[in-house]
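Each structure below is given as structure tokens.
Each of the two complexes below includes chain A, the first together with chain B, the second together with chain C.
Right after this comes the complex of A and B.
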């Protein structure tokens, strides 16, 4: 039986109201503030209209542009590694092996830890003279491991920490996708003599595309806004070599109280996230769209 | 048989009205940011606004 549209809208109304209150209104507020010069500790603490000046300042801000580049690099490495590792682990967990349940439980543990605690744990493990990682790297490989001194080590450590933290999430989503795969096409392909890699490329990957896309989008959005883990591990250092966009915005909005400029940065980050996800979606679904 | 939503214009993908407005807004922002970064010393920003509004209208109507 068809219900009237009014009933549907009435049922949706609470959700829409919450979304407007927590999503649309803050977005509009930030959008308006981004066109003002507003610094509480300036000579004139009142917001002053500056048109597009915050955005003009932003596209010439070498520090901010560098933080965008670092964030994109970080996002590329963590998402790629997590998807490859997560998929491989999910395929592994589809098979039976000794201590599988124990492995699954241990593997999922990092996912349950708060990002700030992950950062603190890694900080304790990497402090020279206290943590085991610098000790063993020096002892076994003669490597001088100091996050506060070498930018490459700091960047690699931050990437590794994020991979360690979020790969279980990818594994679980992939596992859910793989568990729901129809087995008939795979069995038919096997009977027809298809190789394992052909089955993977032509059957499993196309069936997994929606799960892959969703997981990639979630991970991209999370990686682009990473703050707390990195703050705990490196504080954005050495210098500004791991100061990603989130940390940079925090520095502008809180210690410097430059709300207008911080809002402009936040909007650009949102814009970048939407455009990257949209381009990726268009690229990954283009062949299917053209074929239809 | 299922019918694909949207239509095919000069854009390389099939789009509906929302897609075309979205693409126009994305291009509007991108043109302004790039203009401020590279072209503003030579050409004022309102030229970018006129160009991107015209481009947006073209995409919404024919894209």
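Right after this comes the complex of A and C.
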């Protein structure tokens, strides 16, 4: 062979270097700081070793725990709705109808838009006095719609915005899965007199399981780190009712310059994400293991 | 074969769904071409052509701060896409053609960089950028270089993965033959790999460009004045008191425009792009 591994490593080196600089170093740094008491606004602004005190504080931080709970709640609702809706839309897209390509392109549009612009779009739709949503809810149903006043409305609006933004992603992955579905078993089952729901439950769903699980996995990871569009739409309000974990770190903890504590929180968030990630991954591979 | 009834019902349903998708964007466009006095009152989704005004766009584009944001976004996204494609190509070539111990671990590690929640890295990156990565008075904080490097965390794993698949598809015999003729690794890359992987590199470049253009959280935290991007400019409209909705809509339209324009080109690759090939599009 004319190719020595050394050349290979040389080609890889720049990539590794950049990722170490911007990925590994910050991680190690946050790991170290999380064991220190370091607050620029404190009487003693120098870092001091506090062992696991920062982590002990986290467990009693009601605001932090609330933001975790809200994030999980948000993730549950958006992923559930998107999977159901996206699956249905993908089945609808599998049918034969005019201008299919055009509709598909339109449906894909939200995926490419900057999340911050998605937030701006929905803010314009929901601003009282300007947006059509509050106006027509009032006009047609007599409903008072104010994101800055009603927590339930704010939460529901954020969920709806995310459904608008990310359902196309589920549609596209489901579409990719469905287009690989072998037609013979479905035809055979139909000839044998199976009901449509039986075909769905016994043939389509098992076949789609890998794609379904992968999609759920990716959507959960994305939903857990939502920040931009929520910030644009509600600023985490009213109060802290839509202040998800990313927003909490970014807007509440970060500006307080309580760096040690913030690091511990970042680390715990990271840890939580990894655990959820790992659990999902284990669930995915276990299912596949049983099947084989 | 689909019955005509089903066909047209499906068509009607898709018209409805497309309207739902487009309505918020259409509304934003309407707000962006209205004058301040026309904004309030009964909301209508119809465009009154006689009352269209481009003042919002004109004001925004004439604003030096906005020009700087736009320029920063263009420079950062383009430089990042170029850097990511170059580094990704080298790394993907190594991964595809060289036998190295532990390269599977490296591959996995590179991909995991994309999975981390950005908010968890805000604080350490801010501290590193303001206090550690510095030479004399100069630090990475509030520089375009800082953002360009940082977006590699988001984009490099993606480019690496996408390009590896593409290079795997190029027959290794082609570079073998060139090596036999005495070509260097550099020459093989330049004369064989780059031309053959051209379309793939273009798709990688476009998608990473859009991802960098769309990024907000890091841009807002790691810049203050000089390196602010268009997304942070858009977000500033929320915090400023007495929001000027028309101008905000105009900026938002300009922010989402590039993504909408490239959609047609990269549409086929979006699924693979967003799932890292876990799902084939």
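By our rule, the second predicted complex is superposed on the first by the 246 of 292 C-alpha atoms of A that agree within 3 Å, B and C clash if a C-alpha of one lies under 4 Å from a C-alpha of the other, contacts with A are read in each partner's own complex, and residues count from 1 in each chain.
By definition in this document, a contact is a pair of C-beta atoms (placed from the backbone, for glycine too) under 8 Å apart; a residue touches a chain by one contact, two chains touch by 3 or more.
Keep in mind that what you see is a predicted model, and the values were worked out from it rather than measured.
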Touched partner set for A:76, first chain B, second chain C, both or neither: neither
Chain B versus chain C as contact partner of A:228, first or second or both or neither: second
Partner chain(s) touched by A:281 [first = chain B, second = chain C, both, neither]: neither
Which superposed partner A:110 touches (first chain B, second chain C, both, neither): second
Dominant toucher of chain A (residue count), chain B or chain C: C
Residues on chain A engaged by chain C in the complex (per definition of touch): 1-3, 5, 7-12, 14-16, 18-19, 21-23, 25-27, 29-30, 33, 89, 92-93, 95-99, 103-117, 120-125, 127, 129-132, 135-136, 164, 168-169, 172-173, 176-177, 180, 211, 214-215, 218, 221, 224-225, 227-228, 231-232, 235, 245-247, 249-250, 253-254, 259, 262-263, 266-267, 269-270, 273, 277
Chain A - residues contacting chain B, complex: 52, 55-56, 59-60, 268, 271, 274-275, 278, 282, 286, 289, 292
For the chain B and chain A complex, residues of the former touching the latter: 4, 12-14, 22, 26, 29-30, 32-33, 36-37, 40, 45
Partner chain A, residues of chain C touching it in the complex: 1-2, 6-8, 10-11, 13-15, 17-18, 20-22, 24-25, 27-28, 31, 39-40, 42-43, 45, 87-88, 90-91, 93-95, 97-101, 103, 106, 110, 113, 115-128, 132, 149-150, 152-153, 156-157, 160, 179, 185, 210, 213-217, 221, 231, 234-235, 237-238, 245, 248-249, 251-252, 255-256, 259-260, 262-264, 267, 270-271, 274-275, 278-281
